[in-house]
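Multiple structures are listed underneath, in structure tokens.
Below, subunit A partners subunit B and then partners subunit C, in two separate complexes.
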Partner chain A sequence: MSNTAAEWRIASDAQDGVGDRAAEVWQYRQILWFFSVKALQTLYAKTHLGVWWIFLRTLVPLLVASFVYGSVMNIASGGVPYLVFFLAAQVPWNCFDGPLVRGSRGLEVNRGLLVKLYVPRIILPLGGMTPGIVEPVIVALVLACTLIYYRINDGIWYVASEPRPLAAVAALVLVLAFTFSVTLFTSVWQARARDARFVLRYVVGFWVFFTPVIYPLSQVPEDLRWLMHLNPLTAPVETFKWAVLPGMEHSWTWFLYTVAVTVVTFFAGVRFFLRAESETMDKL
Partner chain B sequence: MTERWEVSPRYPGVAGTMVEVWQHRGLLRFVGDRALRKMYRRTVLGWLWLFINPLFPLALRALVFGALLGVGSDGLPYFLFLLAGTVVWEVFSTSLMWGTRALEMNRDLYGQVYHPRAILPFGNMTPSFLNLALKVAIFALALAYYTVRDGRVYLRGDWALLLAVGALLLSLLFALALSFFTSIWGERTRDMRFALGGLMGVWYLLTPVMYPLSQVPAEYRGWMLLNPLAIIVETFKWSLFGVGEFYGAALAGTAAGVMLLLLAGLTYFTRREARVVAER
Partner chain C sequence: MDSLVVDDLGKRYFVASKRAAMAPPRRTLNLGVARLPLPRIPMPGRPAGGSDLWALRHATFSVSPGTLLGIIGSNGAGKSTLLKILARVTRPSEGRVSGRGRVVSLLELGAGFNRDFSAHDNILMNAAMHGISKREALERIPEILEFAELQDFTDNPVRQYSSGMYLRLAFSVAINMQPDILLADEILAVGDMAFQERCMERIAQEAERGLTVLFVSHDMSAVARLCDRIIWLEKGAIAGDGEPETMVAEYEETALRSGGREAVFGKKTGRHANIAAEIASVRLLNALGAEIGAAPIAEDVYVRVRLKARKGGFSIRGFLDFYSKRFLVFRTTLQDEVVTEKMGVVDLFVKIPANLLAETAYTVNVTVYTSLVKETKVVLNNALTFMAYGHESGDQLRRGAIAPQLEWTARLHPRASKKPKAVV
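Presenting the complex of A and B:
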């Protein structure tokens, strides 16, 4: 038997500071992958229809809503068929709606796991958000099919004369970044109190009415439009529509405003999240 | 003095269930009380939700669809129009949501005290009655406000008003009939509740609550009338304000259909309840 005493070293992965935390998240990126896949599977697990369920659940409400808003309630749509307008606005909106609700559940759902192993907790809302990307992709695909349908049927491409794919992608990324920043707050609240879920559902239900998703911004009286633009989601939604559809307007100034709001929310969110982590999360 | 106890088997069949439910009607208060308590348990705002819940979405929809987008409302103030439709729609939707959870929420009662299970879907709907009472109060206030403001009597003054109560009752019975099915299906999985939530969103859009049926393009109107709720909602608004059309034959058909469905639901429930409870 050798005489050398065993050497024990306690290494903690937890480090302080935002930069260190970011590095930590990068170290644990495979776990992020694990959580994303897990969350993705819960989308359709245990349903008879399987993957088709996602399509059905995303599309049927959209198509019915488009019929009711466009054909029955005759809401204006800025010169393109209402369905095209509505779907184009739903792509960025779904980058917010679904990911926000799912990401906010991130901590609550994985409560049991948190006790068993160490992961940087910020990974949980981020991982929870990822399946939310599926819905905007589906909506975008259906938008493409709709455009082709109108091309064949009416002989008109309802596409911007010079489409701006970069601007469209930038708008979507901005929405996702904003959503993640908000999730940093909401996931903590939701882990603390059950109300948060109700409040969130309400606020999101509200929010869609204050974002030009079911009606164009041009319907709002001109002197009130700045009020609509205070909503950080208005600008990216407008930019996305401008990049894809013909005859739309948007403003880079307000786009930059949303970028600024997102940056501020993000840093405030990270600070809030890290503090809450040590204070309340261990009591979950 | 000796107390006499009689132990007897339960009455067989659907008629037996009905008799039994009537004999145990005292339990309704108890079940309703439980449901009310569970409604906002573990929430910070608690009972405040009772008021936030109906008011916020209503005010917002009125603002966006009525004021901003100018959706038609059969000549009524849009808020009043929306409120009337919402009252009768929510009697249906909230009753169905709570009725669906009846068995799942009262599992702990199974082993404790004997009760006819058929009492649970109705008893569990109590929160929706509270919601209805609140909505009716808001409706009365709004009606008074618009009557004074416009100097015009919106409410009609004849016997048709009684039909409005009938429409409310019909929408409640329809929810109860469906609950006899959904509560059994939803006993084991929460999926039922989520699927129902998605379905209700679509159903709401297809029911003329936010818009009058007269605004639906003529080629689709026949299809819309296949929705029993569309007929109930239109009847309610017609009997309150005299707006829209009165679909007499369709209403009679809906009423008959709801009664049949109620009977079918009770039969289904009676047959399945024993198995669902025993499998726990």
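Presenting the complex of A and C:
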């Protein structure tokens, strides 16, 4: 009927090349938007406060934590008010925390659709991740408000003397790319066994303590810092703080290390996902 | 050039054995106050206590463009598995398929719809889920809405739609995406008569232009009417392939008879008319009043007994007997007498609620008492035979002569073991 009646094949032993898969994802790219909207919708559907939950859920724990760590425990904050330090570190951290948990659910929550309609499933963890991006944006907005507050009250801009917006964005993008690479594994695990959800919660809960989010890296004994840096999230968090706040340090070398880790995780993840995909679908 | 070539296709599922499935889930750790399940250490290789099940095996056939191909078979014969493989929802365990052109699947009407989106957005989303560009989808929107007769409801979220509107939209989206191959699982029984007719007309039109359609259906009369060719699957293998009339006849003889020695499709017998009335027809209808040939278990269906009253002013009582495999499964009786006022047609509707029937074939015997001067009865045995089918194939939920969905509750008695044992 259509002149472009392209031939296609389905075979039990077919291993499509990564190029074919990438082209397919590109063809289906529009569903990413619909899945994102759906994920965002279901998040706060049937709540009275609706979209305000996003603010409440994001901010209240942050403010409480900031009070406990900064005012009660007096954790050092490298020359800026603790709240500013903490919020600045939370922006990249929130690019990991929420998106990871949400993206991992991507296959599981769309079960009903996946058994009836074919879509490139690799889009689903990504679609699940996207509402998680709202939270770092909110934290960033609050950070901006806090900075303005201190400017008015103390008369000081707690901003890097020469802010590096490109570096800041690069750090966030890197965190998101790393997160997506991880969800390629976790979404499959979670579709197979719900245990993954609990494990994930714990791992993320501990992971924050091994990332310089609550405390500055300078508090860590110098001979142990390389250990902290093995955590691929350390470098982008440090880079983001360095790009935004005054008097911070970071290392492009470790940043490149995270890039390398992300690239490796990504390709391993794609390979894992594509191999596990069909078997997982039958078990959904 | 064939539009679809299926070569030695097979799909294997791993089925846990009954014992493995029914066994207490796993070892537990008794802490005195609570029992914790111990993790099951996954062992490499096949899990113990199960076997392979070939849902489909050695399926080989090809389809030329413009064919309306019906796929029939009893529950668990592999029909849906075949469609799922072609729709790429599941991957074959062996074999190959090659095809030409765009495949649109309707494994479930409205799969991939978002009930909070408007019709407009749902069309775009559905197009996107078939990998169709936004530009193309936007061009099609007017046609889609026109065919579904929903022009006035474009911006309402589809959750406000009636089930009929929802189905019209879903079908209209699929057919207007200009598929070269349309995969349809059990969609013939939906919608009202008029829309069904329009769907079939439209499918026939598209078929002339080269559209190939694969229907899976339990509705033999519909399949025989619509299709050019039928493939009959039994236990995962192709049992027959050919002319619709021949295939349906063979299938009904073999598959439906296997339950009992006596023909399930028995001859209509009984004295079906008396001085007061005559049983004119007994039909199975869906909720929208359209005649169907098979009953979807998850939906309400109706048995309509049409009586021709030859006189006025008599009262009617009656009952229906539902048989499965020669056994009376249940009898349902008309509660109150119905009084006919004039001569003419009297329709008695019996609603069979959703989630009552099992996946099997039923035969209905009709008995109606008419009391004009004295009470006499009219009887029509084997008045209606139909299959009931579920959508989730391969499960064990719909076994037996009926499979009603009953209310289950669980009540936990903490520390019951410490008290003296209650008499049960």
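Here, the second predicted complex is superposed on the first by the 269 of 284 C-alpha atoms of A that agree within 3 Å, B and C clash if a C-alpha of one lies under 4 Å from a C-alpha of the other, contacts with A are read in each partner's own complex, and residues count from 1 in each chain.
The rule is simple: a contact is a pair of C-beta atoms (placed from the backbone, for glycine too) under 8 Å apart; a residue touches a chain by one contact, two chains touch by 3 or more.
Everything numeric here is computed off the predicted structure, so don't read it as measured data.
When both complexes are overlaid on chain A, the residue A:198 reaches subunit B alone and has no touch with subunit C. Of the two partner chains placed around the shared chain by superposition, subunit B is the only one that A:75 touches, whereas subunit C remains out of contact.
By the touch criterion defined above, A:7 lies against subunit C but remains apart from subunit B after alignment on the C-alpha atoms of chain A. Of the two partner chains placed by the overlay, only subunit C lies in contact with A:113; subunit B stays clear of it.
When the shared chain is aligned, subunit B comes close enough to touch A:60, but subunit C does not. Looking at the superposition, the partner that touches the larger set of subunit A residues, subunit B or subunit C, turns out to be C. Of all residues in subunit A, only 1-2, 5-12, 24, 27-28, 30-31, 33-34, 38, 41, 45, 112-119, 278, 281-282 touch subunit C in the complex they form.
Those residues of subunit C that touch subunit A in the complex are listed here as 10, 13, 84-103, 105, 107-108, 111-112, 114, 116, 121, 124-125, 128-129, 131, 133-134, 178, 180, 206, 209-211. Of all residues in subunit B, only 42-45, 49, 52, 56-57, 60-61, 63-65, 68-69, 71, 189, 191, 198, 201-202, 205-206, 210-211, 215-217, 220 touch subunit A in the complex they form.
On the side of subunit A, the complex with subunit B involves touching residues 46-47, 57, 60-61, 64-65, 68, 71-75, 193-195, 198, 202, 205-206, 209, 215, 219-220.
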